[in-house]
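Read from first to last, the chains carry the letters A, B, C and D; within each, the first residue is number 1.
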Amino acid sequence: MQVNGQFQPTIVAFCCNWCSYAGADLSGTNRLQYPANVKIIRIPCSCRLNPMFILRAFQRGADGVILCGCHPGDCHYTSGNYFARRRMTLLFNMLEFLGIERERTRVEWVSAAEGAKFAATMNDFVATITRLGENKRLEDLRCKSK
Amino acid sequence: MQRIGVFVCWCGSNIAATVDVEAVSQALSHEAGVVFSTNYQYMCSQAGQEMIQAAIHEHRLTGVVICSCSPRMHENTFRKTCERAGINPYMVEIANIREQCSWIHKDKAVGTEKAIILGRAAIAKVLLNAPLTAGTSPVTKRALVIGGGIAGIQTALDIADAGFEVDIVEKEPTIGGKMTQIDKTFPTLDCAACILTPKMVDAAQNEKIKIYAYSQVEAVKGFVGNFTVTIRRKARYVDEEKCTGCGLCTEKCPQKKVPNAFNLGLDTRRAIYIPFAQAVPKIATIDADYCTMLKTGKCGVCSKVCTAGAIDYHQQDTLIEEHYGAIVVATGYNPIQLDQFDEFAYSHSPDVVTSLELERLMNAAGPTGGTLLRPSDKTHPHTLVFVQCVGSRCDGGEKGKPYCSKICCMYTAKHAMLIREKYPDTEVYVFYIDVRTPGKNFDEFYRRAVEEYGVHYIKGMVGKVTPQNGKLYVQAADLLGGQQLKIEADMVVLAAAIEPDKSARPLATMLTASMDTNDFFTEAHPKLRPVESPTAGIFLSGACQGPKDIPETVAQAGAAASKVIGLLVKDHLVCNPCVAESNELMCNGCSACEKVCPYGAITYIDKEFRGPNRTTLLRRIAQVNPAVCQGCGACTVACPSGAMDLKGFSNGQIMAEVDAICR
Amino acid sequence: MTYSYFPGCTLKTRAKDLDRWGHAAMEALGIELQELPEWQCCGAVYPIARDEIALRLSSVRALATARDLGQPLVTLCSACHHVIKRVNGDMQRDETIRDRANTYLQLDKPYEGEATVLHYLEVLRDAVGFDKLKEKVVKPLTGRKIGAYYGCLLLRPSAEMAFDDPENPTILEDFLRAIGAEPVIYAQRNECCGGYVTLEKRDFAKKRVAAIEDNAAALGAEALVTACPLCMYNLRENGNGMPVYYFTELLAEALGLKEVEA
Amino acid sequence: MNDAVETVRRISGVNPLKCMKCGKCTATCPAYDEMEYHPHQFVDMVANGRLEELMGSKGIYLCLSCFACVERCPRNVKPGALVEAVRLMVIRQQEQNHLKPQEIPALLEESLPQQAITSALRKYRR
């Protein structure tokens, strides 16, 4: 999205309910700033993230998608983040094959105590996507408003 | 068509300062399905909730979107509000415009725009919400306490007092924990054994309490109210039923050179032993690492002297399985290893000891019978130097711990005071960085050490200890006096940092309970839920959650017990209704979902479907047990046919949120 | 086994004993030390300041040569070891230093910390093995009570040197045991000898050495060993006469390469 | 003066604010008696911008760079690196070399290792 001639990326962050969403809350509680481009969707566990959601986001004009979950070994559901890790590895490979730069997708483990890490990750991710510029590869032009 | 009401909270100025709440409620009022939109100062207040309820009635709302703080804060509050007004609690969605918007942005225009988008996503989701009804699951009315120190004992006693059965699993041969090794307790200086051992006996005699000593938790399955725990009962090589605890074997065993762990290696014991006189259960244990019989098959003295015939060299570990409704973690702490702090010469000189070792050296049941003697030559020390914060308050890296160990300031004051009282001819120096004594009567206690007992408190650190000619030459900083001190000491006592017991990390993985980077268990809320783990049904007691002294530990143990009791009095627990559900018409019975389910909640049944021309067709389909499903959603992604979906977080709902954000 | 070897300035002049016997001993143990071609000074002191690039260049040059030769680089002098090891660490970890050093040097292939830097003692411990060394000893130093003097440079900062436990090192003691001597463990073995400050304040260095010698003597040491020419200078010139040896001298003696001095 | 503090922080890579004022550096320093400002004071004075006093002190030439304070500091503050940085601030100024090449012959003696001279020269002059 262009705002006043400046590129403002649209970034969707999927956060697991137990660690990363709480980590995002903590960065808010600690007033740690990160850009408003990041919009968080709460999911129960990182393993709830269907690859379809990411494809849909890119199709509808997202410039970057990040998945945050509990650290390996700390999943609230024991093993969900391991599933997520494997699925995302495959998906990101495929997206790269389709021409979506690797940097546009990311998986980060953020615990409920890591508010600072959450903010730092988001700052870094937004900076990376801003550098990469707009993503057009998967966009469905029919979805685009004029 | 749904009729949605939108309620934007100002949260005083917390939201309103960076988000134009009026503009948000205006913008959201134009969204499809929204029939009412407003904003208010405090939505969670009584007046705010009444306003929501009135709007539900007045506008015949079917769904509600609250733009406010995190759902982790008030989702339940608002769900209950709506339930009281007659709509299903799961028709409520929260847009988090405080923690994830107003608090992280400074520019009001930016904040407002983001708040509108977050509101839109919540509206898009709630349009697809369906009323959900929570099921229930029964509660096993028995609790497990892991760890039998003062924390575990107190928790178990309190739970048993309320009439519930409780088991204690303790890895050592006796319960009692660290407190059994402590001589006196601050700030009252009463004898630790005198207040602890009666509690140990109470626990042993309480018919509601079962003690599994010399045992470990091996595996944990299930969920709140319904845990199944496998306990390994380690082989003692002594029949617990037959052993009378007479102790004859521990006197006759010819293997005399076993370092006595109870006295921290300051003296020796036999290969068959009872850790101390008041051990509970008072049963002998053979140390397999040292027993000649177990190692070579030759000896058998203990078996010959045992009149009860309790010795069993062929005993094996046994595994038992028990069911519990709640689990309390009380795994406690240990002082850290001091290998990395050899500037204090801990590994060079036996006269450099840790504070816990000093406890044993001052204890009447300790290796010196309570007379303070130097371990090297058994002489009376005249000058003692205490060093605080050894390994505490360190900055990252491999060395030490970043936190304050909390108990050292007080026990050092206690040691210094006791030594000066008993041996007035000694000089006692305490090197401190800060003296931290926040606790009832704590600072008064420390001041007494200085003012009445003449303990030399010196602000500064010790840099090097050089053992030479039977003395310990201590080189230290006196920061307030502006000098580098060189003290000829007879003993140096190190206040080693404390760390969680090593068994805690694997246990946390078994329990899926979270830990911080220091391996302390994290609490569900640092202020408001300090004795609960974020994992339902797991409770925290004592130093496994953070450094604690005895009064704090006992208080927390009681609090944990009350939370357990609050759980166990319930006959049923309301389940999370956001569980997986399989669309049986789309399911092809492939078992992909079953394989990824961590709870075994998915089973397969053969079901008859009607085919064309009055034929029937038997098809294998997945079925989710809603009482067992925890709602992680792993199966929904594994399902190749899209039959599996998660209630409350359905594919459609999340897609709608994505669309709303990317619009 | 063949290693590249960096002798350093002092070992060619004032500390010939450290070098000569070190060479002879390794030869006897079946290890060849090939002197690095065209080596220059290591830089003498490690430049703590992160913006000092030029002072790191001679070490980088040596490291790059060692890399090109494809053999680990062995050092003997504590100071050389300290400087070269830490500069290598900088080249591995500090992007700014790496880029700037390479820009200066314009090597055929930029150096990125590929070389392995070993101290002579590490070769003895890990490649030869103290057990093996013990077997090769023909004249064990039986009954000689010797204090190992580590000084500062070998051990600290431990995070970068990764040589031994900085407060309770064992490598020299294990070495002494291997050659049949009885090591004396004393606390002052890792405290400074006075270093180069001896140039300006000899009294100060004397105080330092006295503390070290007294502590070692009190615990029964009859002599000290060191791996550093500067420590050797301070201990000998500013001490009270306790004999001080380079550890390679004792090694050569135990291997029967050197006649026992009268 | 803040610029100078920044320079010291940049050269040394140390954040003096991490210091918790325990005094272990001062307790461990072998050159304590020789210095007018002791390691913990040194850290505190850098943190508070009192660089002029430090730059004028003799103690900066007496730090042995033995890294004992660096090794033993529980907060990873590296007082020794701060001393080095302040010394460099002095000797990088014109005509401020603490040791001049022409002074060296007088210092030489038979057994003095080259290493000592080179080290001193490296430490004391630009």
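Following the convention adopted for this analysis, a contact is a pair of C-beta atoms (placed from the backbone, for glycine too) under 8 Å apart; a residue touches a chain by one contact, two chains touch by 3 or more.
This one's a predicted model, so the numbers in the text were calculated from it and none came from an experiment.
Asks: Using only the chains other than subunit B, in their current positions, what clusters of touching chains do you get?
Replies: Taking subunit B away leaves these connected sets: A | C, D.
Asks: Check C-D against B-C and say which one is joined by more contacting C-beta pairs.
Replies: C-D
Asks: Select the chain at the greatest separation from subunit C, using centres from the mean of Cα atoms.
Replies: Chain centre farthest from subunit C's centre: A.
Asks: State, to the nearest whole Å, the distance from the C-alpha centre of subunit C to the C-alpha centre of subunit D.
Replies: 24
Asks: Measuring centre to centre with CA averages, how many angstrom lie between subunit A and subunit D?
Replies: From the centre of subunit A to the centre of subunit D is 47 Å.
Asks: Averaged over CA atoms, how far is the centre of subunit A from the centre of subunit B? Could you give it in whole Å?
Replies: Once rounded, the distance between the two centres reads 31 Å.
Asks: Can you list the subunit A residues in contact with two or more other chains?
Replies: Residues of subunit A touching two or more partner chains: there are none.
Asks: Return the residues of subunit B touching two or more other chains; collapse runs of consecutive numbers into ranges.
Replies: 343, 397, 464
Asks: Return the residues of subunit D touching two or more other chains; collapse runs of consecutive numbers into ranges.
Replies: 33, 68
Asks: Please give all chain pairs that are in touch with each other.
Replies: Pairs satisfying the touch definition: A-B, B-C, B-D, C-D.
Asks: Which stretch or stretches of subunit B touch subunit C in the complex?
Replies: 339-343, 345, 347-348, 397, 464-469
Asks: Can you list the residues on subunit C that touch subunit B in the complex?
Replies: 159, 165, 167-168, 185-188, 191, 214-215, 218-219
Asks: Residues of subunit D touching subunit B in their complex?
Replies: Spelled out, the residues of subunit D in touch with subunit B are 18, 20-29, 32-33, 38, 40, 68, 72, 74-77.
Asks: Could you please specify the touching residues of subunit C with respect to subunit D in the complex?
Replies: Within the complex, subunit C contacts subunit D at residues 8-10, 13-15, 41, 43-45, 47-52, 55, 77, 79, 151-152, 155-158, 166-167, 191-192, 194-201, 204, 207-208, 229-230, 232-233, 236-237.
Asks: In the complex of these two chains, what residues of subunit B are touching subunit D?
Replies: Touch residues, subunit B against subunit D: 343, 389, 393-397, 399-400, 433, 459-464, 475-477, 479, 482, 484.
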